[in-house]
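Chain nomenclature is as follows: A, B, C and D, assigned in order of appearance, with residue numbering initiated at 1 for each chain independently.
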Amino acid sequence: MNGPLVGQVINLLAALMLLIAFAMLAQRRLLRLIHLFALQGAVLTLNTLVVAATLAQSHLYFSVVLNLVLKVIVLPMILIRLVDRLDLRADAESVGNLPLIMLVAVVLVILSFNVALPISELAGTITRGTLGIAMASVLIAFLMMITRRKAVAQVIGFLAMENGLFFAATSATYGMPMVVELGIALDVLVGTFIFGIFFFQIRETFDSLDTRNLESLKDRE
Amino acid sequence: MLLQLIQGLLAAALAPLVLGWLNQCRAWLQNRTAPSLLQPYRVLRKLLRKEVVLAVNASWLFRLAPYIVFACMVLAGSIVPLIATDLPFALAADVIALVGLFALARVFMALAAMDVGTAFGSLGSRREMLIAALAEPALLMVFFTPALISQSTALTTIVDQFSNGALQLYPSMAFAAIAFVMVLLAENARIPVDNPSTHLELTMVHEAMILEYSGRHLALMDWAHALKLTVYMAIGIALFLPWGVAHPHEWLGLPLALVALAAKLALFGAGLALLETLAAKMRIFKVPEFLGMAFMLAVLGMLVHFLVEA
Amino acid sequence: MPLLDLILAVVVYWIALGAIGAALPLERAIHARVFFPISALGGLLLTTVGLAGLGNWPQAAVLGLGLPDLPFHVRVDPLSSFFLLLLGAAGTAVSVFSAEYFQRGGGGDIRLICLQYHVFLAAMTMVLVADDAYLFMVAWETMALASYFLVITDHRVAEIRRAGFIYLLVAHLGAIAILLAFGLLQIGQWEYTFEAMRNAVLSPGWAAAVFLLALVGFGAKAGFLPLHVWLPEAHPAAPSPVSALMSGVMLKTAIYGFLRVSFDLLQAQAWWWGVVALAVGLATAFYGAVFAAVQNDMKRLLAYSSIENIGIVLAGAGLALVFHAYGMNLLAALALAATLLHCLNHALFKTLLFLATGAVMHATQQRSLGKLGGLIRRMPWVAALALIGTLAIAGLPPLNGFVSEWLLFQSFLLSPGLPNSYLNMFIPIGTALLALVVALSGYVMVKFFGTVFLGLPREESLHEAHDVGLAGRIAMGWLALWCVLIGLAPVLVLRALDPVFQQLVGAGLRDSLAQSNWTFLTAVAPEHASYNPVVFLLVIVAVILLGAMALRRWFPSGRRRAATWDCGFGKLDARMQDTAEGYGQPIKQIFQAFLRLERHHPSPFDLHPRYHSRIEDPVWEALYAPVARAVRRLSGIVGVVQHGRIAIYLVYSFVTLLLLLALIL
Amino acid sequence: MTELLIILCLPLAGAALLGLRGERSWAGEANAAISLVTFLGTLALAARVVGQGPLVLLTQLFFVDAFNVFLVTLTAFVGFTTSLFSRVYMRVEQERGRLTGKRLRLYHGMYQMFMFTMFVALLTNNVGILWVAMEAATLATVLLVSLYRTPASVEAAWKYFILCGVGIAQALFGTILLYLAAERVLGAGGSALLWTHLFEVKDQLEPTVLGIAFVFLLVGYGTKVGLVPLHNWLPDAHAEGPTPISAVLSGLLLNVALYAVVRNKVLVDAALGTHLPGYLMMGFGLLSVLVAALFLFRQKDVKRMFAYSSIEHMGIATFAFGMGGPVAAFGGLLHMTAHSLTKSAIFFAVGHAAQKTGTQNMDEIRGLVHVSPAVGWGLMVGGIAILGMPPFGVFASEFVILTTAMRDHPWAAPILLLGLGIAFASVFTRLQAMVFGETTAKRLPHPPAMLPVFVHLVLVLILGLYIPPYLAAWYRQAAAMIG
């Protein structure tokens, strides 16, 4: 595919990433949240594939496979099995006043564009335009973690943030060196396992995954 | 050195006489028949012959104190320029050292009073120390003014400077003189502050301290008290009426100095007696105001010296 | 052997002694009888080194220890050797006394006390020879730390723990102020040796800042007015030999530090520094005297009296600063002579009195004045030596207390020579306040000696009080001897101290003292004022002997013991004497404005009416309580930050990120 | 080269072995033995680096210079002494029934894994691997914080995980931007993230990108260092986790995080030219000192109090490195060493004290000196040292830092001293109440392992009075490189 079309496809995929991020922010039902997360992983992998294919970045193929396996198949499957074991299928949580959060998210997008503007001029990659979007998705994932009360939702926010970061890496510098990428993938995988262990620990001690009862340690009389 | 010895003995001998004269003046002013001038000597002789009765738990301090107090007063007597100014002992102490000497005597008297362990002894010593504590700042300010004028704190220099200098009226010295008299009354337990002849537990200060003494110890204490009064009057005279003291190496000036001294002491004694008959004894906690006023007068004298004379 | 090596040898000797003492598990009696007398030898050596050091040239050296680019610098000059002399004299006496004091109990684990005691002595010596900011700070706070551990030897009592804490806290805050002062003195080249600080040229503003910081920093350790609150708590809490060492010597290291900074490093540039020091000094002296008069605990009384004497020392130093700033160096030397001599005198008689209280507490296990009395018969030696100490501290002529006060009065009386007319008028009023303080100290000491040693014993247990042992007599005798000697031959002492005056103010008293023979102490010139202690003593003794002989020969009369006069109403007992509180009542009455008095009057219907009154230190309410409340409120506000909700923590991280990004772009 | 292998592979092997056999009685001894051998390895490596200067090993994957070799040795030493302490501590915990065999296995396995991640983070030359190692360190310790399964420890572990995870994520973004800037100068491929290359080329890097990168890196690694606005996880994690873990967290993890921040600051400083990174770090440092000091005032739990004291000391070290200049850097390095030695010693003593009195609430710990003089005096002397009282090393470093601050930024010195003053007042009241006074605590059956505590305190005392010449040369070499 010739140059401008590739740029348009990549920008399209980036826009899709941002849309999914907004959707996850607003999603109340847990199960649908996991599906959205898997979708975001898929879009990310697709984007990396396009970049690898069109710009002859051979080492990216390896990370495409890695992402596909990790972020589209393994992690969502682990999360869904966890949700089944913790029988949270029907769990839903009321997100705070949604319009305000959305407004903050929009402001975040604007802010990240302005911050990313000077950087993107410097980046040599043609995908530099999407750096702003990558940063926005990271900050929105951060916002999602702040607004959610359920432990699982916070973990999904954390993983979404990882997705955002990975997307930033591909758009800024065509991905990180292989050793580092492997390390990050390993960390994310182990992290998710440990989150799983935590879910069971929290259930044992608090028999509910609501972080509201995780507020006893404080210094205020 | 001989002259020095004479002055010491003279002061000791003269003291009871001055006290006798003072009592005589007071008697006349209160139109009572006055006791004879030599009555204090007879009292001393009587006491010296009597047997000493010591309290059961009196320690060596109690027995030693009278001697120390008497010795201090004799030393003070020999330092103050009664008849001549170039005496060897005069250099041994300046005005501050004199105040220190009186303080030494007073501390020993207070300690001896507390040694016996009765209420009167500690009551007397507590009040004596209080009065002394409040009197010392005033006394120091009184000495400060003449020291400023004559650039020295040694009594002999002050006397020389005032007596042979031109006759000059110093208003600051007037303030200092009044303050000095008030301090004298306080220090020597005269009427406005303490009644020397009373034995009323509540009011007595000096008497309370020597209540337990008897025989020769009491004699020494009374003699020292009289000597202290004489020395104070002598200091007053040296500071404020210095004329007539024999100048150095002037042998023939001595008899004249003696006569001048006697006259001045008589005058001072009469004045004191007048003051005592006029004033009534004040409450012990009024004494701080009395001495505060003395202090104010002395400070005023010094300020006047700075403003007017310097 | 140059002096410096001797001094460092003594320091190492003491530390080694402490370490061995702590290591060997000997039982108490042997421990005390062996280690403390040996350390007294170190004290003696230090005294001789101090004396020798006064004479010759300053020696400096650099030790291997310390930071790589700021190794320890040590230096002995006349000023530090004078204070070494002071430390040696008092230290020897205290060590000898502790040999006996710690033998029979005295609280706490003897091995720890031995370690901390010797580290304390070594630290004080290092403070006096330190020549750079780092070694000074290390020695300064090690001294504070060692004395803290000594203060809380028997830490089972809550008040002692509280006293120890306040003491170390104020000492630490003082050290922070001193560190700031040194920081300002190096004006930007990271040069922290005293040598560099001496020739550092500071603008008047910074120099004033350094002076005020030094005043606050050393004041916290010496006990100047607003920062003195720890002293009456900490000194009584420590075992008596330690409180003797703290009161006698440690306060003087603070004065040494103050003199070193204001005279040596800053060369006393502005006259108003002196006035500030004078004012604070007089206020401290007055405050100490008044509070001492109303105490009824033996050691608290002595602690407040230490505050009073430190106030007098500071007043003298202030006056010397004023004279030096106006270039009247001879008068500055006179004022400095009064200051240093009073430091030495106070070290001697205060140590003597604290050792006496130690002996009394050991014999009677009583500390409150209300439960003592009549000990002069059971403990004649202690009473006699304490009498010498009492007379000296009250400033009575033949002894050393009077000499330093006489010099101080002379320098005050010479102040009208100052060109500044305000000072000419205000300083004499300061003199009057000083006279009041001296007289009050007489009052306090009569109360102390009277209630403890004289009168009837107020408790039955006092009857089997035993006198102090040989070691105690030697220690107290050594101090009393020094008091008498300095009292009788002040001129010799001042001639020895002349190099110190030359070093600090550039003028000495040598020529003004040389005009008359050694017995006459003269201020500026003989005709101006002179005082001859030898004549005083000789005449008094002569008159006593002659009087006694004359009376025995001419009026021989017997002596009989009989009951004391009881106004005829029956048996006199100990309860009828004045209590310590009663003795302090007039002062409480007159100076009520300065005291925070809480009086509890029994009501007429009480079954067993009890009257008690408590005197508190108003400074505590005025300065310390508000600070503590402010910090508590502040930490309350800050506490809100950590309130448990994870979402809020994430918001903190988020907001910080955004703020920094905004800052960057 | 062989030392590097020992240092890296041994802990990994240890982690595997102890992971499987952790509950056995000899597990504690094995853990200590492995740590000892690793420590000897680090000593050999240090001797080699001091002798021959910086080394680049394993095809540029690992880089050892004066700065990180001193931290590696310190980490290994404190790791070894903590393992000695944890041997006794864990046996007592087991007897009190608070730990099952399975959890002991997890504990010992994760302990060695944590040491491995520390060494990798310190020794790696690749900034990306540095990030991965930090993330792995968080993963290793998070399960240990919730070892006791009490509600509070689970909550602490959860917060620790989420906050550090988010923080580290931002550090990753910072690393990506750094990589972006480096790639423009060093060309694509793996070498752009190697610290040695970055160091040579650090002044040609793009300023604006590095500025933003440093912000992300500072906030990311700052969360791990525990600088104030980002510190919230630290007190909970230290108070609720087992004491050896608190000692290791306080003593080592904070140092390594600060090491990462300083590594990046060196690059960004040269690139930006302005003193901005320094001012940012100084700002964070001062804020940490003041706020932590105020927090100290109202603490009830002893480990929580000393956690806040760690925040305060890390604030001082960050402030020192922020000031820049060889002398300040020297002070910062000395402070990191003295702090980690003293703080770990204090946590050992606190661990024993808590076991003796059965509680961590300071109001119920009384009269330790009577119960067991070793623990009592260890805690008191440790407390005195950490509060910066002179004869000890912490005062030496604070003296250097304060005096340099007075020279370069006089306005900062009073704030620092105010913080130190308040901290002294608040900590000392509780310390004195705990160590002295009447007591009801019973004596423990077997003697506490107080040897590590006194070894640490003697080292800190030596640092306070006399810094050995080769150590001083070592610090100066590292400081010159940082300053």
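Rule of thumb we're sticking to: a contact is a pair of C-beta atoms (placed from the backbone, for glycine too) under 8 Å apart; a residue touches a chain by one contact, two chains touch by 3 or more.
What you are looking at is a predicted structure, and each value in this text was computed from that prediction instead of being measured.
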Checklist entry - Which neighbours do subunit C and subunit D have in common? => result A
Checklist entry - If every chain is reduced to the average of its C-alpha atoms, which one ends up farthest from subunit B? => result A
Checklist outcome for this item: By C-beta contact count, A-D versus B-C, the higher one is B-C
Checklist entry - What is the distance, in whole Å, between the centres of subunit A and subunit B, each centre taken as the mean of its C-alpha atoms? => result 102
Item to check | Inter-chain centre distance, subunit B versus subunit C - centres from mean C-alpha coordinates, in Å | outcome: 36
Next on the checklist: How many angstrom lie between the centres of subunit A and subunit D, each centre taken as the mean Cα position?
Outcome noted: 31
Item to check | Length of the line joining the C-alpha centres of subunit A and subunit C, rounded to whole Å | outcome: 71
Checklist entry - Which subunit D residues touch at least two other chains? => result 158-159, 162, 166, 212, 235, 295, 298
Checklist entry - On subunit C, where are the residues touching two or more other chains? => result 636, 639, 641-642, 646, 650, 661, 665
Checklist outcome for this item: Touching pairs of chains in this structure are A-C, A-D, B-C, C-D
Item to check | Residues on subunit A engaged by subunit D in the complex (per definition of touch) | outcome: 115, 118-119, 122-124, 135, 138, 142, 145, 151, 154, 158, 161-162, 165, 168-169, 172-174, 176-180, 183-184, 186-187, 190-191, 194-195, 197-198, 201-202, 204-206, 211, 214-217, 219, 221
Next on the checklist: For the complex, give me every residue of subunit C touching subunit D.
Outcome noted: 64-69, 133-134, 137-142, 145, 152, 155-156, 158, 161, 164-165, 168-169, 172-173, 176, 179-180, 182-184, 186, 188-190, 192, 631-632, 634-636, 638-639, 641-642, 646, 649-650, 652-653, 655-657, 660-661, 663-665
Checklist entry - How about subunit D: which of its residues touch subunit A in the complex? => result 61, 126, 128-129, 131-132, 135-136, 139, 142-143, 146, 149-152, 154-159, 161-162, 165-166, 169, 172-173, 176-177, 179-181, 183-184, 188-190, 192-193, 206, 208-209, 212, 235-236, 239-240, 295, 298-299
Checklist entry - For subunit B, which residues count as touching subunit C in their complex? => result 48-57, 59, 61, 64, 67-68, 70-72, 74-75, 78, 89, 91-94, 96-97, 100-101, 103-104, 106-107, 110-111, 114-123, 125-127, 129-130, 132-141, 144, 147-148, 151-154, 157, 201, 211-212, 215-216, 220, 284-285, 288, 295, 299, 302-303, 306, 310
Item to check | Sites on subunit C touched by subunit B in the complex | outcome: 373-374, 376-377, 387, 391, 394-398, 402, 405-406, 409-410, 413, 416, 421, 424-425, 428-429, 431-433, 435-436, 438-440, 442-443, 445-447, 449-451, 454-456, 516, 520, 526-532, 535-536, 539-544, 547-548, 551, 554-555, 557-567, 572, 574, 576-578, 582-583, 585-587, 589-590
